[in-house]
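So the structure is just underneath, and the comments pick up after that.
A, B, C, D, E and F label the chains in the order they appear, each numbered from 1.
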Amino acid sequence: MTNVVVRTKKRAEAEAVAALGKHGVSTAHEAMGRTGLMKPYMRPIYPGALIAGCAVTVLTQPGDNWMIHVAIEQIIPGDVLVVACTTDNTDGMFGDLLATSLRARGGVGLVIDAGVRDVRDLTEMGFPVWSRAISAKGTVKATLGSVNVPVVCAGAHVNPGDVIVADDDGVVVVPRLEAAQVAVAAQVREANEADKRRRLASGELGLDMYGMREGLAKAGLMYRDDD
Amino acid sequence: MTNVVVRTKKRAEAEAVAALGKHGVSTAHEAMGRTGLMKPYMRPIYPGALIAGCAVTVLTQPGDNWMIHVAIEQIIPGDVLVVACTTDNTDGMFGDLLATSLRARGGVGLVIDAGVRDVRDLTEMGFPVWSRAISAKGTVKATLGSVNVPVVCAGAHVNPGDVIVADDDGVVVVPRLEAAQVAVAAQVREANEADKRRRLASGELGLDMYGMREGLAKAGLMYRDDD
Amino acid sequence: MTNVVVRTKKRAEAEAVAALGKHGVSTAHEAMGRTGLMKPYMRPIYPGALIAGCAVTVLTQPGDNWMIHVAIEQIIPGDVLVVACTTDNTDGMFGDLLATSLRARGGVGLVIDAGVRDVRDLTEMGFPVWSRAISAKGTVKATLGSVNVPVVCAGAHVNPGDVIVADDDGVVVVPRLEAAQVAVAAQVREANEADKRRRLASGELGLDMYGMREGLAKAGLMYRDDD
Amino acid sequence: MTNVVVRTKKRAEAEAVAALGKHGVSTAHEAMGRTGLMKPYMRPIYPGALIAGCAVTVLTQPGDNWMIHVAIEQIIPGDVLVVACTTDNTDGMFGDLLATSLRARGGVGLVIDAGVRDVRDLTEMGFPVWSRAISAKGTVKATLGSVNVPVVCAGAHVNPGDVIVADDDGVVVVPRLEAAQVAVAAQVREANEADKRRRLASGELGLDMYGMREGLAKAGLMYRDDD
Amino acid sequence: MTNVVVRTKKRAEAEAVAALGKHGVSTAHEAMGRTGLMKPYMRPIYPGALIAGCAVTVLTQPGDNWMIHVAIEQIIPGDVLVVACTTDNTDGMFGDLLATSLRARGGVGLVIDAGVRDVRDLTEMGFPVWSRAISAKGTVKATLGSVNVPVVCAGAHVNPGDVIVADDDGVVVVPRLEAAQVAVAAQVREANEADKRRRLASGELGLDMYGMREGLAKAGLMYRDDD
Amino acid sequence: MTNVVVRTKKRAEAEAVAALGKHGVSTAHEAMGRTGLMKPYMRPIYPGALIAGCAVTVLTQPGDNWMIHVAIEQIIPGDVLVVACTTDNTDGMFGDLLATSLRARGGVGLVIDAGVRDVRDLTEMGFPVWSRAISAKGTVKATLGSVNVPVVCAGAHVNPGDVIVADDDGVVVVPRLEAAQVAVAAQVREANEADKRRRLASGELGLDMYGMREGLAKAGLMYRDDD
């Protein structure tokens, strides 16, 4: 494999990115037919963050963050840095200095299938990170990887320019060319929910609201009173 | 296995439930002879919650939350929904709509050996959940399970109507018919602790307060000074 | 193996301990050549704590906290209690009573490769704990272990009197006799970072600031534009 | 909790046990409506073993095998020893001496939600064990548990006298009073499979043999040719 | 997401597949620049198997093997069935009946990021399987997935028609269009190894054979005698 | 941390090593007071191997096997190579070429807290390996570590020259200077077991043979007949 940095202008449309950022991960995931999620071991370093941005991808070696430095040059405002690793690794590849640099370039957050450190500083900076682990383990700068190639990050396939949405529920990847369509579907889905929420809050049962009783009976569900 | 919903009025006595809710998980667990705990992978979605209530149990299939809708109809005020799954699964079976519905029926919390989503909304609602995972992964409504049958949830056996106590330390199950007795034992235990805490705070050693020195010596513990 | 309590006065110099406490885990770890870290499964029970102190070590049996009571007698002000276990175990070996006692002796925190409970109380007390798990599981007092012997705790070798530094990034062990030297190296490292942070914040790339471009090219990194 | 040894004569009927032993785990599990399985982390120490027998249950403390000695007295010929633990533990609670004793009493195998050791000797003896781990870690004899009480073992609820079936696919628990009925259902199921196997081997598709095409189309499955 | 079955004739060239099958996983992985591996949790159900074939991919839901029946119709002689799942799942989605059917269609093996059962029968059939788990857990046929779409299986991206090589070391995916080139590189690599093996067996050190001493010295490696 | 290779002649006495090799892991572990075990995730690549030898230790970086080449030069006949890693890693750091070289130097086996590959070749060579994982993942030669320094490997502290005993039960470390004494204790322990085995095989209960009944009664164990 040649180690390569791909300079690309491909990004999802800003409008779609912004729209997806209003709905959050669960809605976007449902709106794309329940696909695109990273594994649930990806957790935010502090609660309450919600971001949407376009992916600049990095493929790193375990214990080596050299390519993250390389990737930051490819960031444009609104991007999210997505770091994959060739093997399972929890080393602290990213800390407050890299966050300072990434933010200075316009990066809005980090998604890393490895470890992160300086989490107190990152929290104070309000710099959002979703990671596999928190670890102080330092890394070397010795082996090449690639930037802006397709990667598998935490079980999800990510192409450069795809939309990354991340919040307290996790991280979802929306393919670049589907972003606008997914944003519309997410909007529709969310609009439906307000009315449902009101009805459920008033005590109406989902069984009735969704008309499930017939299907349940047909599937064979029995009711009986306790002895 | 027939898939069944058992309509039951069996609940632990309200007084015992209330008493257990004052003491919390660790005390209740000790008061029942160190039994009844769920595995420690069950974590609250936000810190500080403490609930006690009677279990309505659900047995679900992986990736399928159909039976949770069915179960909510069986909830009466003060109940806790306890969701087990036939296999290890982290999908997001429960979110803010179900929480709205569960709360509207009087449910006081959720204990789920699977995933939960919309955790920011749930946190804002103050709706407490203990789960195996946080995951946006959507679920289907295709396969039956059962409601109010005995289940194994996170390693603990739960019968409908048992008391569930949950706080920052985890989740404990108190069998329905033992609830009153455990509540008394918990009360006794807690009363003893105030005096111990005062003595320890004043610098008295546990070694002396609990009279451990003789037992340790008899077991063969040796002391020596460093070279 | 004889079960023994070693009474020792060996402690790292107070000045070095204090200096390390200012820099935190990641800096100390880097300053010792990227060594000494415990595994990243060791997490604080609440965010924001930062401690440095000298280790009093305990080797326990699974599900048995007898030796923790023994160890507390060996604590002097400024110490950190470090609990290892002969096998992987998550039981709740330590709670608010032990914390009260440990604090009364001058202990500044707990690092335990097992479980902890009463975490709400501990949080309210502001008593910092780094642990493998949170679990209400009660323990017995039946089998001996040792105090102030060398232990492996969460993958790190700890000798009595070594400096333990712990914060949101994890836990690091600085050997007693290297503490002063590591404190100096940490100070140097931190001093360098302020200038780097300023330059990166202004938009300068790490690629340029660290002079990486030549090394990357020599290693064979290729750049190409997207098709 | 009182620590108790229950002397019981309750066992599933021998005929049903023998019948279940002919079919194996997957068939028994299906025949009981897909229930009763222990978690898949329970693995045999050598391939090819298949046992069925009635459970003598033991509840142990982590790192303590005292109650296994107690339990062996309760074994009658044809029994399987089922060891649960109050917390996750991998210590080597059982080795070739206990196997010698268990076999001398007529025990046909061991199912243990903890560790086992002397696996080379056990393999040479042809003594089958399903365990969570293999570990040489020695245990103490210091704390009581119980024998022949209901336990949760590897996620499954086991009552004394239930049938344990174990083979290369894992371990399943058949409730004592359902054993005869499950044995019949297993027999029926297996009889059906021979014909299916023959048809599939001849190239007939499951899609056709099970008549799935209509259901798939109704559910919305689309076919398209590759571009 | 539309659920779709893609009928495709795309397969890597037979000659390249055969060549890759002679070299095995580690060599193929190295020959493609150390890429393409599935996670190491994918293990063969018996030792000694080595296969290479073209992927027919399936995306399933947890606990649901409906789409595997659908996928078998798409198999042509020499293919390997590659089963991905939308979430982590260990259920026994595949057993001896499906293996009989898959083999009847010419399938040479199964790679499944979930569970497999009937492993004794599969072993006797000599039908090779690499899986995440062995589990008797039965599955339903209720929810659609897709066949011959790109999937992420055990951390690796697989396109229909890619070459799957699997042996005792794990599973590697060679992209369809790179197969011939990788086969050549694998051949070159293997040819080099025979001579190296001979030299190392004669006692020559890798340090000398690979000329590493200079690089190590330049990197700063020090030698010292023990005190 | 300076990266260093320590040339040392320190080895445990050959006689003690040979004696320990006759008894195996569980006996040696018991003979040293139940200490010295590596974690049970360390598993042999094939069953039936039993080795004892003196440790040459290596500290590696994740994904980098450079130092293993360096370490092999320090091997003398009868040694066991013990590979630790600065962080959790499963990459295939060692394969048949390194095994050929290690064996040519007189090395009798490998214990590696990382991955191993070419396991079919290693099995055919009869070269025993205990590892954390089997993985084809290739490694680089870019970053220094150290040889013959104290390391923590799979949770155990290992000094150069310590005795490593490994078999189907796992891996134990016997400190160099205690080897002779542990060998004697192991011999005594094993001698006792033959008689015990005979008595247990004849049907005598451990309860009686070990005289446990009084202790159990004193601890409060109750017997009752089933209702």
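The definition used in the following text is that a residue touches a chain if its C-beta (ideal position, glycine included) is under 8 Å from a C-beta of that chain, and two chains touch if they have at least 3 such contacts.
As the structure is a computational prediction, the values presented were derived from the model and not from experiment.
Student: Within the chain touch network, how many edges lie on the shortest path between chain A and chain D?
Tutor: Between chain A and chain D, the shortest chain-hopping route counts 2.
Student: Mind listing the chains that sit against chain A and also against chain F?
Tutor: A chain counts here if it touches both chain A and chain F, which gives C, E.
Student: Roughly how far is chain D from chain F, centre to centre by C-alpha average, rounded to an integer in Å?
Tutor: Once rounded, the distance between the two centres reads 30 Å.
Student: Roughly how far is chain B from chain D, going centre to centre by Cα mean, in whole Å?
Tutor: Centres of chain B and chain D (C-alpha means) sit 28 Å apart.
Student: Between chain B and chain E, what is the gap in Å from one C-alpha centre to the other?
Tutor: About 42 Å, centre to centre.
Student: Counting only residues that touch at least 2 other chains, which ones in chain E make the list?
Tutor: Answer for chain E, listing residues that touch two or more other chains: 2, 34, 86, 88, 90, 135, 137, 143.
Student: Throw together a list of every chain pair that touches.
Tutor: A-B, A-C, A-E, A-F, B-C, B-D, B-E, C-D, C-F, D-E, D-F, E-F
Student: In their complex, what parts of chain E are in touch with chain D?
Tutor: Touch list, chain E to chain D: 2-10, 46, 66, 69-70, 72-73, 90, 92, 95-98, 100-101, 103-105, 115, 117-120, 123, 133-138, 141, 143-144, 148, 160.
Student: For the complex, which residues does chain E have touching chain F?
Tutor: Chain E reaches chain F through residues 24-26, 29-30, 34, 37, 40, 43, 47-48, 50, 167-170, 172, 193, 196-197, 200-207, 210, 212, 215-216, 219-226.
Student: For chain D, which residues count as touching chain C in their complex?
Tutor: Touch residues, chain D against chain C: 61-64, 86-91, 135, 137, 140, 142-143.
Student: Hey, which residues of chain A end up touching chain E in the complex?
Tutor: 1-2, 32-35, 39, 86, 88, 150, 152, 155-157
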